[in-house]
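Dropping the structures in below, format is structure tokens.
What follows is a pair of complexes built around chain A, which joins chain B in one and chain C in the other.
Let's look at the complex of A and B:
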């Protein structure tokens, strides 16, 4: 035989549990929290807004921004024009034209290496595919253009551009880069106190074991 | 340098018209009302830009209008499919002058990772784009940066030429002077 279900009289239970204090003070407590938050906001104790051009959010060490082509010791591009990145690219935004390198051990070098920044989807597959650690990414995200031609970046711009030290290095192989150097001196990543103390954990380093010191490596 | 530039500006447009130009441009760039128009994932970033963390209202561009008749700025945010193309064009045509367009993200700018039969390869095939913003999707900062560049572009315009005309200066002369002016800057 099926067991009889226990019957609960909800209204009776609610009546027994309710009280004047709960009914009146409960909403007031909640309202107090709301008003506290409002006061915090008005007095500037909590400020959700990042005032963008002056303040910036600190990006992760693995942020995928505009690409960088790394260099050899002598400053020539490390790329050997193997087409691995162009093959891996889901957006087909990389155009490489190889040329023969005088050094027989290197075989090829890119006579042209163009990336269409507008078509690029910043997936980082090229960085993963590269066998030579020749292409890495920066934390630079403020790219915009008035024409489409401006966003075809050639090898010169990919290797060195004046705004790079400000943004620094982004997504790159998760180990010490053996021979690669970059053609600029990255600044130390500064830890900045950010607006919004509640939700942001800005001091958390995402991958602390990554070492990349272009002066030593 | 400054004096030279002043002379160029004065001969090309006159001091009154440039002052009026400045006021017009300042008013236009300070109240860029965008169209509420999101096509795909970039629209999420556009919403984030409008929300309190990044707050596009600080640049006067946070009032997303529900009607193209009230908006100045079309942010094409997302993948424009061929099916959506005529609608984008229609929204653009319904917007009153002056109007500007931002192609936000890889898809809207070039088609991005979709070189396919169904995707429009860049929204600039159907509407004139002022600013292209790379990214997939661009961060809110990138959108704000693009917006600031658009405001810079608006400050370069000469709206009073349509009212007062150019006097005896022909279109070619005005353009060549403008080019020289820009080169001097």
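Let's look at the complex of A and C:
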């Protein structure tokens, strides 16, 4: 059986919608809400914004901020200048110059490692590509500078991160590994002069192979 | 001709060919480490195992001769399983240090792992047998014993190709390592080849070490400019910088080899300052930069003036055996147009050294890639008698003007400075001289006009080697400054002199040359690619 269509009297509906309640009371209620919020805001009861930069929001653990070059136990870079990051980089912002390391077990190290922070798109591909956990990201997002030269971060700038304790580590695919071995040196000093540096313990070597387990990739 | 079935496909093999060779001829690569087409067969790596019907076990394809009616399978599960097993064994003690290894990107271990392996290593790094790393083996080679798969290609190379036998296996069991006795340096002139033939990163190049990752490089097919052998090479370059030269396999010329001098010859190009603009000597006797058009007009009018006052026989054309055939052809055509009859190219006794072998493998004494081309194009005359004759004639006043092309040889020999001195002497004696060269030098002040030209690898062109084989060399990098290829300079001069000059590329010049020079008649540019074509 065909269902009877419901007939709506449009004129009656229009009348009801333009009733006194909706036409006059509605806006008044709304206005009341707005004024209430205003009072709350003015009195400091509710605060939608934060006082940046004195206050900051907590970013995600996977936030992709400025890069960090991690160090070995002795403070030299973990990086072996394999160019994986530079190869993966879609913005072509990584410049590496390799050199011969005196230790045959390390063999190769970056004499230069520059990241052009203005070119970088913070995609995190370099971190994904790195086979040595040598490059990870921080949650640091304040990268302004007065000159273009300052936005070219060299290896020293990428390794020594005094501002790191303030922001914390960002994107690092091997989070458990990095976090279990991460070490800031020197540990505690005056807050302003912290020369923070992430250090991975030497037993990381074994774990790198786990990272590259093709069955898990 | 034995016929056999390879993976269900009827394939014909040459008599005496092994399965791997016959398969390679038909574009099918059977995985291998120890087999190399230009080395004796060893059969030790076991990577090329294939299934042959009616044989009880898998058999190595590199040692098994093709028989008529053989049925070979190289792609079924049984073979793949075996290859995977072999690869796993080879990788047991491999340090997996691909990030620091220069071979990464062109490593057979990586390639085959991605095809056949993809297994998880059961051996943790701490349990692997450690061997020595970064062993300095002379000027060309760095050895890493850990990465070696013990294929013995390097050992066989030194044993059978150079016959010097420097390398050998040392040790037993899984402690076997390759090396030289007491780490003595590999100082024979072909040692760089072991780097190419090493399928893994055990032997890497000292010169190329850490310079560039191989996947960034672009390859251009070329011909070595180091001597009259004309080995076919591949130029690997990036952003206008040449990083390395590798031999291209050419059975007719160099097989898979290249001498160390040739391999390093490209460094000579970046050695010394380049001339970037045409220079013309003014009335004050100082060379001043001019545009190409001005230079071409002034050269043409001056040469014609000298011809009209002193006769065409007073104009000398002195070519360089390092220039391409196309360059020499247009050089001759331009001077012929002026009526000049005096041609030569010999700074030394290139024509005699041309076919003289420096050793039994590749090298020839003549360190110019195109002496034969110059001879074939008629640029050698007893009338002039080499540069000595030209200097004497100029001193006697018989020669007034000269167009001289000079390139510094890419491979140095003791007599080079004297040869350069003779060019200077010639320029000094000539009343009016036009010098085409690529690199700056003090003595070039003597020339009336200096024209900057493209050096080897900066222009396309053909070279004729000692046996008359014409081979095409591609353009790898851009010319510096306003320099032009030599052929283009003469095309411009021909245009300035009012002659026809229809060439837009070296290819066009080659076509004209093939049409008008009887020696080169009938050959096409395609023929000059691998393996090249021998002209009469």
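We adopt the following convention: the second predicted complex is superposed on the first by the 146 of 217 C-alpha atoms of A that agree within 3 Å, B and C clash if a C-alpha of one lies under 4 Å from a C-alpha of the other, contacts with A are read in each partner's own complex, and residues count from 1 in each chain.
The working rule: a residue touches a chain if its C-beta (ideal position, glycine included) is under 8 Å from a C-beta of that chain, and two chains touch if they have at least 3 such contacts.
A quick note: this is a predicted structure, and the numbers were derived from the prediction, not measured.
Undergrad: Pick one for A:166: touches chain B only (first), chain C only (second), both, or neither.
TA: It touches nothing on chain B or chain C.
Undergrad: If we overlay the two complexes on their shared chain A, which of chain B and chain C does A:154 touch? Say first, second, both or neither.
TA: After superposition on chain A, A:154 lies in contact with neither partner.
Undergrad: Between chain B and chain C, which one contacts more residues of chain A in the superposed model?
TA: Looking at chain A, the partner in contact with more of its residues is B.
Undergrad: For A:144, is the partner it touches chain B (first), chain C (second), both, or none of the two (neither)?
TA: After superposing on A, A:144 lies in contact with chain B but is clear of chain C.
Undergrad: Touching A:55 in the superposition: chain B (first), chain C (second), both, neither?
TA: So A:55 meets neither chain B nor chain C here.
Undergrad: Just chain B (first), just chain C (second), both, or neither: which does A:131 touch?
TA: The second partner, chain C, only.
Undergrad: Within the complex, which stretch of chain A touches chain B?
TA: Counting only chain A, the residues touching chain B are 48-53, 56-57, 90-92, 116-123, 141-148, 151, 196.
Undergrad: Hey, which residues of chain C end up touching chain A in the complex?
TA: Against chain A, chain C makes touches at 96-100, 104, 118, 120-121, 124-126, 132-134, 209-210, 213, 215-216.
Undergrad: Could you pull out which chain A residues touch chain C in their complex?
TA: Chain A reaches chain C through residues 80-84, 87, 98-100, 104-108, 131-132, 205-206, 209, 213-215.
Undergrad: Quick one: in the complex, what on chain B touches chain A?
TA: That would be residues 52-55, 58, 106, 109-113, 115, 122, 124, 130-136, 138-142, 144-146, 148-149, 153 of chain B.
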